[in-house]
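Below is the structure I would like to discuss, written out as structure tokens.
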């Protein structure tokens, strides 16, 4: 009997039991998935973004299915940091105690709001392993992609938040100018980057002449965007030295493997969580099978193994 | 018997018999499609990009199929402007005489090369209705997207080419910073814009750890990118006053209708030409059916009719 | 407050799939876990095979089940590509589902007489409800509103369960010419004996029924339908605006108090 | 110089689709236009229904056809999702194709004796060739290289046409243990009478055969396979590097002069 493949990775100083993470906004507060599998099997979970005060998010309709994926116009509906901690803090503390890194995502409409939310998390979430700054949500009018789509805007948010915690800061990046923005984030003190967020997209009802979601544009996710996301993750891995979490259209171990090969230390499962609620553990097993098939004893041997 | 819907549109001073155009690189020199339908039924055809001298393009493999589309790494293989005119000039002159606008696409590795190619076209292609500057090919190391991905780079190419012809100059834009680049192109004298070119993307063989195409990245096209392309076309229609030709993942009349609704005066059929060689005329008929169903007598009533 | 879903992922296998009425099909599938755990008004999210470009599950509520035999039945209206593709799921087709999802109907204690109003395919979750109500000795008046006589569904089951069946059709081809809301209005006016009103159907219909119940001071439960990606509380796309803030249709609902919903 | 394709778009309908050998299936479909216009060595691009996320057609060359009855047959190796999905195309399945594409084999005037070497599914276009050759009175030696005895295809047809059939299997389970190139080498060494060599199969095999033919100073035709999107000269993805520059496999080929190809 050969020893099994070691799946553990180091992600910005956090030891993850494996590279499997979940994309914010597709995994609730993690406990929604306990009916489907033991969530503590995952290396990390990234929670739905939370802001200093509760946000109602966008009006209906907030979802439209399109070829190869879906558009969402949720707009970061959340009960606020206090609400999240009240609802899920005990569960998340337990999850963290089982060795799964809990990553809290921080949302804001302005630099001040990001700071306020982070300060609250810093105080109320001792079980959090890291914080992820969402500067790329395409569905809110202020903050999100409105701030994080230029290197200067990204720098400003990260730089303002950096002094507020000693825990690792991850920046969730959108699918724009990724190398420039990645460098800005790292220059401002980001410990890791995760990408891509959804891609701004449109779907129009050709009979009513109106958007199929409440706003003209919405965030596009799903398998359709995978080849784009892998390319962007590769570009970012080449541009900076901090760890990168690859996100975008992962439906199976092979999809995840591409992100690892281009250099990502972790991968997040997103929309596939909706399609197959047990996706993340399935993909973990598929990744292990792939690592075995490649004859390695440690998944780290495959990270960045892309030959070009 | 009611009169049929008028499908004619004005595109940068060119009267097109209908909004149907073809995406460069998916339609050869147009005569490849005469076996499938009478190409003169289309409003316009845009030819494969041509450079001042012949280009061999990229090595094999130059194509990989992915979920919802394909990656191409052709790299603008072409026989040069002289070769194109020698091979297809007589056919294209005939096509133009039947009232289909022939748009010649101009490729180059540098500003000088764009100018050389355009000067040759200006002299050798009297049948061309317009010229399209391809500043967004993601598959060449110099020129293309390497030049057209910043507002400054785009301005430089368009500005240098503008004095060389009195015929309309269209700029083929990539899927990056579209509003800024659109404004730069118009400032430099572009008469129209077409977008989007393919999206840079990757697909990796997880067993060999190598790209499935000859270069690490390649251009992603097909129905998967349609919602992204519509959003970018909408943004550009909102940013500039010149006509826009919408391109990206059109497989049917409904897909094309979305581009018209957001304000595009024309649409180009791309990858679907490979899937269904008779796609462009089929989509023309589907667009007509849609226009009838919307109760309009002129397709122009639907252009820009998106309500938001 | 986040409501956690009771949904699990279960394998299922088609037993029957056939036309039930004009543009409405009936599917019965084997899924013992679901048959034994699902309550009336709950729903499940079915994976529909055959088109990988269409990634999301489709949510359906159920009409009839047999926990001992382990099957569940529902009816579906052919409205889009997904439901049309479902018609190709021949007996034996294997798939999976996520359920039971949502809260289901609530039967208040001491309910003796209920008014149940269904419109179109909204009749489906009310069939299971009527079965439960009548088993508990509740007397039911059931109003079905259909577009036309060829779209009337589950009349036999509803009458078999012992409910009084009233029918309206939009085109007047059978029953009252008009909407179910006309019948429900008359019933509410002629009797003060209803303890509860249940309704499922198009939003304007439910809104009208809820207003009638409010007028009559009778509690009303409405089953809302919203576009959703997951069906178990993770995507938060399926919000319902209520007097108590935005609620999640798939976990806080789909059944809401008619008084609470902001239409 | 651009070569224009002879391909048109035609409807087709499956007549037979069944296993032919291990991991190799045989499909026969009705398409009178193709059956009457296609020459040996040409190919067609078939639309494979069932997965809209998989948009491109698949290219196949044909083995047998009957112009009068209007059908065409080919064999396909199960190598990926597309070919696996093809096994679900039951008789009666309607689809369409684009063809005939490419140049096809060329039979030089006064050809009297031909050596034909096929490897794996590369045998398919050579079956049609051997039929044509033998009908023209050309004497054929046919060498088939298969991975194993259960993967030998079209032996009956080839011998029925009157060709001398030689077999190698990689695992030695039948015929010569080894590669087809060993047999072809022996045949070329033992006889100077071949007027032409034809080959289709894996690239290293064709390269070796072309080298053997070159050595023996006999013209050799090779049928190349490249990934392609359209199959009729529009996408220019399927280039073949030759001594005369990059050529388009789907219109300038798939048959090339073995001397010309840069392997």
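Going in written order, the chains are labelled A, B, C and D, and every chain counts its residues from 1.
As a convention for this text, contacts are C-beta pairs under 8 Å (C-beta built on N, C-alpha and C of every residue); 3 or more make two chains touch, one makes a residue touch a chain.
All figures in this text were calculated on a predicted structure; none of them were measured in a lab.
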_Labels of chains that are neighbours to chain B and to chain C_ = A, D
*Shortest chain-hopping distance from chain B out to chain D*: 1
_Based on mean C-alpha positions, I'd like to know which chain lies farthest from chain D._
C
*Between chain A and chain C, what is the gap in Å from one C-alpha centre to the other?*
36
*asked:* What's the distance between the Cα centroids of chain C and chain D, rounded to whole Å?
replied: 57
*So how far apart, in whole Å, are chain A and chain D when each is placed at the average of its C-alpha atoms?*
48
*Would you mind listing the residues of chain C that make contact with two or more other chains?*
52-54
*What residues in chain B touch two or more of the other chains?*
67-69, 223
*Any idea which chain C residues touch chain D in the complex?*
50-54
*List of chain D residues in touch with chain B within their complex*: 1-2, 4-9, 47, 52-57, 98, 226-230, 232-239, 241, 245-246
_Residues of chain A that touch chain B when the two form their complex_ = 66-69, 71, 176-177, 199-204, 206-211, 215-217, 220, 223-228, 230-231, 234, 249, 254, 257-258, 261-262, 290, 293-294, 302, 305-308
*Can you list the chain B residues touching chain D in their complex?*
25-29, 31-33, 35-36, 48, 56-57, 59-65, 67-70, 72, 74, 77, 79, 87-88, 222-223, 271, 273-278
